[in-house]
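Here subunit A shows up in two complexes: once beside subunit B, once beside subunit C.
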Partner chain A sequence: MTWLGIAALGVLLALPAVVSSYVLTILIFIFFYAFLGQAWNVVGGYAGQLSVGHAAFLGVGAYASAVLAQEVGLSPWLGMFVGGALAGALGAVIGYLGFRFGLRGFYFVLLTVAFAEVCRIVVNNVEAVGGAVGFYITFTGDPRQFQFRDNRAWYYVTLVLMLAATGIVALIERRRFGVYLAAIREDESAAEALGVDTLRYKMLAMIVSSFLTGVGGTFYACYLLSLQPNAVFGIPLSVEIIIRPIVGGSGTLLGPILGSFILTPLAEVSRYYLGQGGWHGAHLIAYGVLLVAVVLFLPEGAYPRLVRLVRARKRA
Partner chain B sequence: MSTVTRRAFLKATAAGVAVVGFPLPLRAQAKTVKVGLIHTVTGPLAEPGQACRAGAQLAADMINAAGGITSLGGAKIEFLLGDTQTKSDVARTEAERVINQGAQVLMGTFDSGNTAAIVPVAQQRRVPFLVDVAAADPITANVAKSVKAGQQKVQYVYRNFPTGSSFGRRAVQYFNEIFKETGQNPRRVVVMHANDLFGSIQAKGFKAAWDAAKPSWEIVDVIPWPEPPSDLSTEVSRAKALKPDIIAPITRPASAQLLLPELIKQRVEVLGVISPGSPGLYEAGQIAALKQDLEYVMDNVPWPNFKNPKTQQVAAEYRKRTGGKTFDTQSGYSYDAVFILADVLERAKSTDPDAIVDAIKKTRFSGGLMVYGGPVIFNDLGDNPNAIPAMIQILGQKPLVVWPKDAAQEKLVFPRPKR
Partner chain C sequence: MSLLEARGLSKRFGGVRAVDHLDLALAEGDLLGLIGPNGAGKTTAFNLLSGFLAPDAGEIRLRGRSIVGLKPHRICQLGVARTFQIVRPFPRMTVLQNVEVGALARHAGTGAAVRVARAVVEQVGLGPKANAVASGLTMPERKRLELARALATEPAVLLLDEVMAGLNPTEIERMVVLLREIHAAGMSMLLIEHNMRAVMALSQRVVVLNFGSKIAEGAPAEVARHPKVVEAYLGEEYVDAAPAR
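After this line comes the complex of A and B, so read on.
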C-alpha cells in the first residue's frame, strides 16, 4: 500500500510534463474538489454532522482574501489564512449554536443551510464588496499575488492543498480525536456516557473543517477571478462539496479523493461527447444517470467497496 | 499545325504559375477558422445562453454560405461549442478544452462571472476573446489595467456590448431627451428594483449616472425588493406616498407580473413607467400575461435596429430556425459579434493572435444589426463605446424602438394616456 501511494504520488508529480493544459485544468478541479471534500469530511464524514452549508465558508474565505488583496494590498498568500480564520470563526458560531442546543440530523442540516443563505443575502446587499454584481479580481499573473501564468503552477498548488488536507485528516484519524469523532458519529449518547466531551470535539471538527474550506476560497477567487454571491454562497456549491466524499466514501481517508476522481471526469466526459450541439443539457442527463448508477452500485461509497475487493482478492 | 497561339500559351503558363507558385491560398480553401463558442447553455441562465448560440450559428452559416473569409482563401467559420452550465469553474475548463481542440478565437458567454473566468485563459494562451454579451465593466477594464501596469503585454479580451456603467448613463440621457422632446417637465422619479444581479447593476448604474449628470429631475427614493417577490403592495404604496411623476422600475419577469398590475390597482398616477433596463419585459410571454398593464411601458435595452431591412430578414430567418423565437438582445449581439469577427479576420489576413488583435483595434464596422451610436470600434479599455441600448415602448402590444430618434420605429407616447 505504501509503495502504491509513493508510485501514485510520483505519477501525479510528473503528469504536468506530459498532459495538455486542458487535462491539467480538469486535474486542478479534481484536486480542488477533493480538497474541499476532504475538509467537509472532517465534520460531515468523521463526526457525522451533516453540513449542507459549506459554501458559506468558501465564500467567506474567498471574499476576505480577495477584498484584502484588491483594497488593502495584502497578498493572498497571507489573505488565505485570514480568510480561513474568518471562516473558522463562522464555523465556530454555527457549530456552537447547533451543538450547544443539541440540533441533530435534519435540524443541523437546516441550520447550516440557513447560515449559508444568510451570508448569500447579506453579501448580495453589501455594496462595498460589489453586492449582487460581484467582486472582480484583476488578472496579473504575478505569483506574489497568488496568480500564475502557467497552469502547471496551479496544478501543484491544488495538489499541495489536497495532500495537505489529506495529511491533516490522516493525523486526526490516528489520534484520540479521530476515535472520538467516530464514536460521536456512531452513537453520540453512548460516546457521551463514556465520558467523551462531545460538544468540544464536534466544535473542534467544525472549526478545522471550516478553516480549511475558507483557505480554499482564495484559490477559487484567484483562479476564477470573480466572486458572485449566488455562486460562492449558493446551495449548488455546497452540494458540489459534499457529493464527492459521499460517492467516494464519507468518513474514510481516501473517499473524497476517489469520489473526485470519479465524478469530475464523469461530468467532463459526458459534456465532451454530448455537450456540443444537439440537445441542450443532454450531457447533464447523462451525468445524472451515471451518478445514479454510481450511487446504486456503491451505496456505501467507492473506497470501502474497493478495500473489500482488495481484501477478498488477497484472501483468495 | 499546332493551334497553340502565343496568347493561349501565355494564359496557360500564367495559370500554371498561379497554381504552382501560390499553393497556400489554394490549400487554405479547405481550411476553417475555429472559434470556441462558449455560452451559458444550461443552468439558471440557459435560455439567454441558448439564444446567443443560435444567433451566432445563424451568422456563421450566412458567412460560410457567402464564401467564408475571402482573405483567408474562403476559410469557413467552424464553431467548437462549449457550455458553461452557468458555472465559473466549468467556463474555465470549457475554454481550455476548445483551445485544446484548436480554437483560434473565443466568444461568449452571457454571464459576467463566467466570462471573467475565461479571461485568464485567453490571456495566458494568447487566444483573442471577443465578448458578445456580458455587462460587468471589470471584464475588459481589469485586463486593460494590468496591460497598462506592464503585468500583461497584450490585451486579448474585447467586448461589443454596452457595459454596466454605460447602461445607466444612456438611461439618464434618454430620460432627459424624451422629456425635452415631449415638452414635459417631470420632477420626481422613484426607482424600484429587483435586488438581484441584473437589478442591482442597473439600479446602481442609473443612480451613479444621475448623480454625475445632475438633471432637472430628482430620484426621490430607491426601493428594492427581494427577487422573486411574493407581494409588492407595500413597496408600491411606499412609492405612491412619494407622489412620483415617473416610476422607474427594474424588474425581472416574475416581479414585473406583480409590480405593473399593482401600480394600476393602487392607482399610482404617473406620467409614465420608464425602466432604466429590465431584461425580458418585452418578451411575448410577458406581453401576453400583462396585456394592457404593459401598454406604454418603456424599457431601456440593447435592441436590434428593425428599421434596417436586413434586420427584418435575419429576424424572420431566426424565427424560422428557432421555432418562433424573437431576434433579441442576446441573439442579436451574438450574431453581430460573428460578423465583427469575420470583418476582423478579413483584415487580419491571418489567424495569428497578435495580427487578430491588431485588426480588432483598427475595427470600424458598420454592418451590425443592433441599435448602435456609430460604427463598431474598440477603445483603449477594449470596449465599443458605440454599443448602446435603445428605448423601446410597448405600443399596440408590441415592443417597438422609440428612442434614439434615428432608430425609432414608432413615435413615442409620453405622457401615457389616462386610463
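After this line comes the complex of A and C, so read on.
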C-alpha cells in the first residue's frame, strides 16, 4: 500500500513531462475537484452532515481573495487565507444555526442550500464587486500574484492542494477528532452518551471544511480570472463538489480522489460533446442518473468496493 | 453523601406523568435495581439522569453537585454512563472502534484509548469479535457491546437499561456473572431490569416504580412481598424468584 502510494505520487509528479496541455488541464480539474471533495468530506463524509451549499464557501474565498488583490493589492498568497477565514466564519454561522437548533437530514440540506443562494443573490446585487456582471482579475502571469503562464505550474499547484487536504484529512482520521466524527455520523445520541460534545465537533468539522473550501477559492479566481456570482455560488457547483466524494466513497480518505478521477474526465467529455450538440447542462442529467446508480448499486461509494475487490483477489 | 441522588424528579409527556416526584439515592458501591411494569417510567428516569431529557421539576446531584441542565456528554464526562434499552451500536464501526469512542472520553490519544478499549472488550467477553463490524453482531453481543462502551468511559456510576432483555437463560446467567464481577470491582450501578431472577440475584436494594411514582423500596425479598408491588406487578414470577436468592 505504501509502495503503491509512492509509485502513484511519482507518476503524478512526472506526468506534466509527457502529457498534452489538454490532458494537463483535465488533470488540473481532477485535482482541484478532488481537493474540494476532500474538504467537503470532513463535514459531509466523516461527520455525515450533508451540506449542499459548499459553493458558498468557494465563492466567499474566491471573491475575498480576488477583491483584496485587485482593490487593495494584497497578494492572493495571503488572500487565500483571508478567504479561507471568511469562509470558515460563514461555515461557523451556518453550522451553529443548523447544529444548535438540531436541524438534521433534509432540513440541514435546505439550510445550506438557502445560505448559498442568499450569497449568490447578495453578490449579484453588490455593484462594488461587479454585481451580476461579475468580477474580473487582470492577467499578469506573475507568480507573486498567484498567476502562472505555464499550465504545468497550475498542475503542481492543484496537486499540492489535493495532497495537502488529503494529508489534513489523514491526520484528522487518526485522531480523536476523526473517531468522534465517525461516531456522530453513525449515531449522534449514542456518541453524546459516550461523552462526545457533538455540537462542538460538528462545528469544528464545518469550520475546517469551509475554511479549506474557501482557500480553494483563490485557485478558482486566479485560474479562471473571472468570477460570475451565478456560477461560483450556484447550486450546480455545490453539486459538483459533493458528487465526487459520494461516488468515490464519502467518509473515506481516498474516496474524493477516486471519485474525481472517475467523474471529472467524464464531465469534461460529456460537457464537450453534449455542449457541441447544443445540449448545455445535459451533463447534469448524467450526474443525476449516475447518482441514482451509485445509491442503488454502490451505496458506500466506489473506493470501499474497490478495497473489497482487491482483498478478495488477494485471498483467492 | 450519596454518589448520585435525585429529589422530586418529575417529567410529563402531555397528560402522561412519566416520572412523578421520584426520589432516588445511590451510595458509592451500591447496586440498586429499578423495576416496574412496562411504561412505569424507568427509561424516562434514565433519560433525566443522563441529561437526554430535561426534568419539569426536581434536582439531580452527582457527589452533591447539581447536574440538571447539563448536556449528556458533560454528564458522561462527570462520570455517569448509560446504556440504551434499544441498543445503539455504531453500525459500520468494529466492536473495538465502538468501545474506543467510549475510552476517548478519558484518554485523548487514540493509542491509549485503543488499549483501554481492548481490555474492556476482553472483559465483557467480546475478544473474539473485536474486529467484527457491529452491524453483524447477534443481540446478546450487541448488549455486551452496549455495556462495554459505557464501561470504557470509566464511569463512577453505570446506568444499565435492560441489558438482559432478549437474552436466553444461559446468556442471562453469563450477563449476571459479568455484572457481578464489575460490581465487585467497585462499580456503582443502577440497573433497570425486567428479569426478576436477575434483579433479585444482583441487587442489594430495589426501587419499584409504577405510573412514574415509587411504590416500594427495600431489600429484594422484602419488596417482593409488598402488597402494592404484588398488585402492580402480578407477583407470581416474583414470589417464585425471591426464594431463589
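FYI, the second predicted complex is superposed on the first by the 286 of 316 C-alpha atoms of A that agree within 3 Å, B and C clash if a C-alpha of one lies under 4 Å from a C-alpha of the other, contacts with A are read in each partner's own complex, and residues count from 1 in each chain.
We adopt the following convention: a contact is a pair of C-beta atoms (placed from the backbone, for glycine too) under 8 Å apart; a residue touches a chain by one contact, two chains touch by 3 or more.
From a predicted model like this one, the values you see are computed outputs, not experimental measurements.
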When the two structures are overlaid on chain A, which partner does A:22 contact: first (subunit B), second (subunit C), both, or neither? first
State whether A:151 touches subunit B only (first), subunit C only (second), both chains, or neither. first
Of subunit B and subunit C, which one touches more of subunit A's residues? B
Which partner does A:216 contact after superposing on A: first (subunit B), second (subunit C), both, neither? neither
Where does A:141 make contact in the superposed view: on subunit B (first), on subunit C (second), on both, or on neither? first
For A:76 in the superposed arrangement: first (subunit B), second (subunit C), both or neither? neither
Is A:272 in contact with subunit B, with subunit C, with both, or with neither (first, second, both, neither)? first
Just subunit B (first), just subunit C (second), both, or neither: which does A:225 touch? first
Should A:281 be classified as contacting the first partner (subunit B), the second (subunit C), both, or neither? first
For A:61 in the superposed arrangement: first (subunit B), second (subunit C), both or neither? neither
Starting from the residues of subunit A touching subunit B, keep only those that also touch subunit C in the other complex, and list them. none
In the complex, subunit A touches subunit B at residues 20-22, 24-26, 29, 121, 124-125, 127, 131-134, 136-142, 147, 149-151, 223-228, 230-231, 236, 268, 271-272, 275-277, 280-281, 283-284
Subunit A contacts subunit C in the complex at 174-176, 179-180, 182-183, 186-187, 189-199
For subunit B, which residues are in contact with subunit A within the complex? 41-42, 46, 50, 80-83, 85, 87-90, 92-94, 96-97, 99-100, 112-113, 116-117, 119-120, 123-125, 136, 138-139, 142-143, 145-146, 149, 151-152, 164, 195-197, 199-201, 204, 226
Contact set on subunit C toward subunit A in their complex: 50, 52, 71-74, 76-77, 81-82, 84, 88-93, 97, 100-102, 104-105, 108-110, 113, 149-150, 152-153
